[in-house]
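Pasting the structures here.
Okay, so chain A shows up in both of these, paired with chain B first and chain C after.
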Partner chain A sequence: MKASILYLFFIILSSLTSANTITVAQKGRINNLGKAIALAKNGDTIIVQKGHYPSYNTIINKSLTILGKDFPVLDAGFREEVITILARQVKLDGFVIKNSKVGSLRDYAGIRIHRTEQVHISNNKLMNNFFGIYISDSKHVSIYNNSTQGTNSAQNSGNGIHMWQCQDIKINNNYSSGHRDGIYFEFVKKSTISNNRSVKNLRYGLHFMFSDDNLYRGNTFKNNGSGVAVMYSKRIRMYNNLFLENWGSSIYGLLLKDISNCDIKHNRFIRNTTGIYMEGCQGINACNNQFLNNGWAMRVLANCVNGEFTRNNFTANSFDVTTNGSLNLNNFNNNYWDKYEGYDLNKNGIGDIPYHPISLYAQLIEQIPQSVMLMRSFMVNLLDKVERAIPSLTPESVKDNHPKMKPWEI
Partner chain B sequence: MKISNLLIICLFLFSCSRKPEEIHFGTDACDHCKMTIMDQKYGAEIVTAKGKVLKFDSAECMVDFLHIGNEELNNPKTIYLTINTAAPGQLIETSTVSFLKDKNFKSPMGGNLASFPSRQLAENNKQSADAQIMTWDELLKSR
Partner chain C sequence: MLDIIRSKVLIAYTALLALISLSIFMSDADVTKGLISITTIVMIIVPLVSIVYATTYYFNASEFTELLVSQPISRSDILWGKFIGIASSILGSYLIGICIPVALFAFSSTGLMLMLSGCLLSLSFVSLAFLASTKTRDKAKGIGMSLIIWFYCSIIFDAIVLLFLFSFSDYPLEKVMIALTAFNPIDLARILILLQLDISALMGYTGALYRDFFGSGSGIAFSLIFQIAWSVLPILLATRTFKKKDL
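Presenting the complex of A and B:
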């Protein structure tokens, strides 16, 4: 008797506390996500079966786990946003989210996350949305394994993953293409961007504005308008990224503008018009990077101070370093330069005479851009040789006192 | 005779024209911040007395650029224009513009500045309670 009462008690208790699972199917009783959300309570799980569901700004205002089975399609038919998440502790996984409205004044998005925390977005495929994932005023959001394909039009394209005033965001293993900026940070703090691929975006692969203390690591930026732009930010760490084929006029692998105390380590810059462009930067520490086959490996404007450029490899670049003035307050040391023609008599692996990375021709091209047509001509080679022997026009202060004879292994 | 006429016409064609140039969104880069100009709702342009065209991705970038100062810009013949936020892509002279500073307008450089051809239109587009409307001169002074 006592046992059966206890048993009954447990049954009632479990039915009160346990989370329910609601299934959405195209031909079922619950045939769209909005209905399921209306029926659900905090902590429930919604499973959406394979199918095509219209979703005109479905609002998720409860803490739910929403899982798509075999990639069900949520389609806004270019009329609205697709999904808006306003609740804490939401997980959204395994959907195809497409066709958000392309607005002119409002930024319509595939997934909008606003003023919330602990949201997890994973394994979704976003297609043809104006903005892919748009996060504002939020904390502790993780974006894993999604792909987002933009509208690919110069006039009407938003950003792939867009963040505004956020903190502690993790963006890992996503793919972004055909957007304005692949990933965009504005007023975002303490966030990590790792192992993403940003390809063929119209402006930048990754873009920081007024965002401090962030880390990006192991990402690939290929064929974008420019690879990465870091602007008006502090303490950004950039490790192990690959900047590939960002090619064209006023296009850069990495564009740094008015930033301070940043680390650039173990990155590879391959076949970019300009590997790194720096303007108004302070305390940049660039070491162990690989510059291969770029037009300009580094373009450092004279208003940069306290830069440390050490242990980098400069290989097969048309110009290693150029500047528009003198770079008195920056230090180049211990780099490998393939154009170095000095000697190493004591065989310690370090050249005995300093290397001047700025060539006369680079200075010339700075003043007269048209002289690019003389590139690789006999005259230019001769001029450079003479200048190396008897420096007179190139800034004497810019030199590497301990150039490495063999490339660093990076 | 005919050839000389043609030459004169050609001369006229090549003479300096001080005309605003259309901003090519997606290809032109901002002369101040180096960013590619993308957003058709925002943008600005300066045409100097000599006819040189400088393009900007936003009004705040143009203001910052003026703040640094430049001899050439002191000439009263310099023309300043911004993109009409209400008609994306269209350039209007700043002397006639009402600037709306409203945090709901996310202009590219974080200035939250939209430009409208009339004060009434700026009022109509106001979204936040603390939004301000400024003329070009007021905007320059507020910087």
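Presenting the complex of A and C:
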């Protein structure tokens, strides 16, 4: 009882002493954010009224809660960055942040967060910035409900949400479009990316470089240069994502390069040119994924080892699996293949003869890409049938010993 | 004309097509997959039945033709009359057997393409049948000739193309391939449908080039014009032969 009274007392005291609220209005005494920050103390709240405010690299160096009312606009007029956050415990909410400078030497950003922790960025709309949100050397940053629209030019565009040397970042429910990479991770550890949408970015929807132990789930990657690229990383978990319509020459839903011990579960790959492309990967565990209407569902190069591909559904893909070499040290088991033509005599739901997912024609296209013109011709079907009956040219090691007769419920 | 409709073969053909398309659509929930299966079947059955039926009919009615020739009717009119009669009945079977089920179950750009190219395919093979029949004297030879044409178009041609690709794989063959397809009506029809179906696979690598060509308006026009040429040219040639032919 005594403790709680004391606690209440402290709350009242602290609210009296520090929690001032400063209001910024376009025609008021304090007419820009910089002035308000100069006046504020740690722990204060700044409310910015609706309006259009120029902001040439406004630096937030105090622990403040900065709230925008009815989306005030902070505009750098292509002269500088818009906002830089250098202090701990900053919350920035409800702004339109636009027109950062585009540079080839420096990475100008809409919101830059540098060497700090416990920063919370939410409900902002970033437009026409070179980089959207740029976080470096920071910990415990959360980025919620923002949308960022890039410059959409091939030469001059940065990443939507860019992280460098960070830890424990949470990125939730954001929308990124028209950037180079929607979300970019470099040397980032133990972070979570969930429920974001990356659409029409020029390069990748989400890109990991040298980033270990991260989780991304429930995201949608649509129509990007490639959906997601995971490179030189370890222990990435990829759950419940949707890879949609990532189309074009050398464009992939999920591109994996030199990674190890990753989990790919419950994802859906729909209408991509290539669903998953794997190169130099080790210990990939892909299960319960759905591959629907892709050109190539999976392309597993021969330098991938110890991959486990189980309980996936392969439906209506032009090609299920392709590879480049003859030996493949990966294990396919218990998948559903719509092209499977075997039988199930003992009615246990599992086909009695193994399925070879690599067709002769897929191998042929590998060598002579022009022969794509003969796809679905009677001739090619005939060749495939003969090859299935007596495999001679396709790699014998790639097979599913227990193909499922009916698709998995996913 | 009436006896064509009454013909058991045509009724069986219509029923077969309808049975195939309906059973495929009923058994599989995935419409795209159904369309793929139908395409594969259509590419084999439609040309075969069209060419064999037209040839057989031509020779079965040869006595009647001789009778007609003795009448004051121009020879080209007689041949064209026959052509229109057979072509329309084959087309009718196709429309009932394939087009109606496709329109009901899978009405999309792919479905439309399947209908259109299937119709043109029927036409061109009826037309080829007339060419084969006018060029030969007796029924056995005529049917043999049309079977060879079918065999060439559906299997041998693709095998030759494949062989060609293997032997010249070091050269840029994309343009050549496009030109080559024009020599086979089945390939033309197949590629038109393919472009709608396997669009994601075609986006990769070399496919993109074909897609750019055949996917564009001019590319579709190119293949349609060649398909029409395949249906018109043989019958024109056949008329020329028929005019001079000693019956």
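By our rule, the second predicted complex is superposed on the first by the 391 of 410 C-alpha atoms of A that agree within 3 Å, B and C clash if a C-alpha of one lies under 4 Å from a C-alpha of the other, contacts with A are read in each partner's own complex, and residues count from 1 in each chain.
To be clear about the criterion, contacts are C-beta pairs under 8 Å (C-beta built on N, C-alpha and C of every residue); 3 or more make two chains touch, one makes a residue touch a chain.
For clarity, every value in this text was computed on a predicted model and none was experimentally measured.
K.L.:
Taking the superposition as given, does A:A38 touch the first partner, chain B, the second, chain C, both, or neither?
P.N.:
neither
K.L.:
Who does A:I353 touch here: chain B (first), chain C (second), both, or neither?
P.N.:
neither
K.L.:
Between chain B (first) and chain C (second), which does A:F210 come into contact with in this model arrangement: first, second, both, or neither?
P.N.:
In the superposition, A:F210 contacts chain B only.
K.L.:
State whether A:A316 touches chain B only (first), chain C only (second), both chains, or neither.
P.N.:
The second partner, chain C, only.
K.L.:
Touch test for A:I368: chain B only (first), chain C only (second), both, or neither?
P.N.:
second
K.L.:
Would you sort A:S250 into first (chain B), second (chain C), both or neither based on which partner it touches?
P.N.:
So A:S250 meets both chain B and chain C here.
K.L.:
Kindly classify A:V386 by the partners it touches after superposition: chain B alone (first), chain C alone (second), both, or neither?
P.N.:
A:V386 contacts neither chain B nor chain C.
K.L.:
Can A:L329 be said to touch chain B (first), chain C (second), both, or neither?
P.N.:
neither
K.L.:
Hey, is it chain B or chain C that touches more of chain A?
P.N.:
Tallying touched residues of chain A, the top partner is C.
K.L.:
For chain A, give the residues common to its interface with chain B and its interface with chain C.
P.N.:
250
K.L.:
Quick one: in the complex, what on chain A touches chain B?
P.N.:
Residue list for chain A touching chain B: 104-105, 107, 154-155, 157, 164, 180, 186-187, 202-204, 209-210, 225-226, 229, 231, 250, 255, 257, 277, 279.
K.L.:
Taking the complex as given, what residues does chain C use to touch chain A?
P.N.:
30, 32-33, 36, 39-40, 43-44, 154-155, 158-159, 161-162, 165-166, 169, 173-174, 177, 181, 186-187, 190-191, 194, 197-198, 200-208, 210
K.L.:
Can you tell me which positions in chain B touch chain A when the two form their complex?
P.N.:
25-27, 29, 33-36, 38, 40-41, 88, 106, 109-110
K.L.:
So in the complex, the part of chain A that touches chain C is made up of which residues?
P.N.:
Contacts found on chain A: 247-251, 271-274, 293-296, 315-316, 318-319, 338, 367-382.
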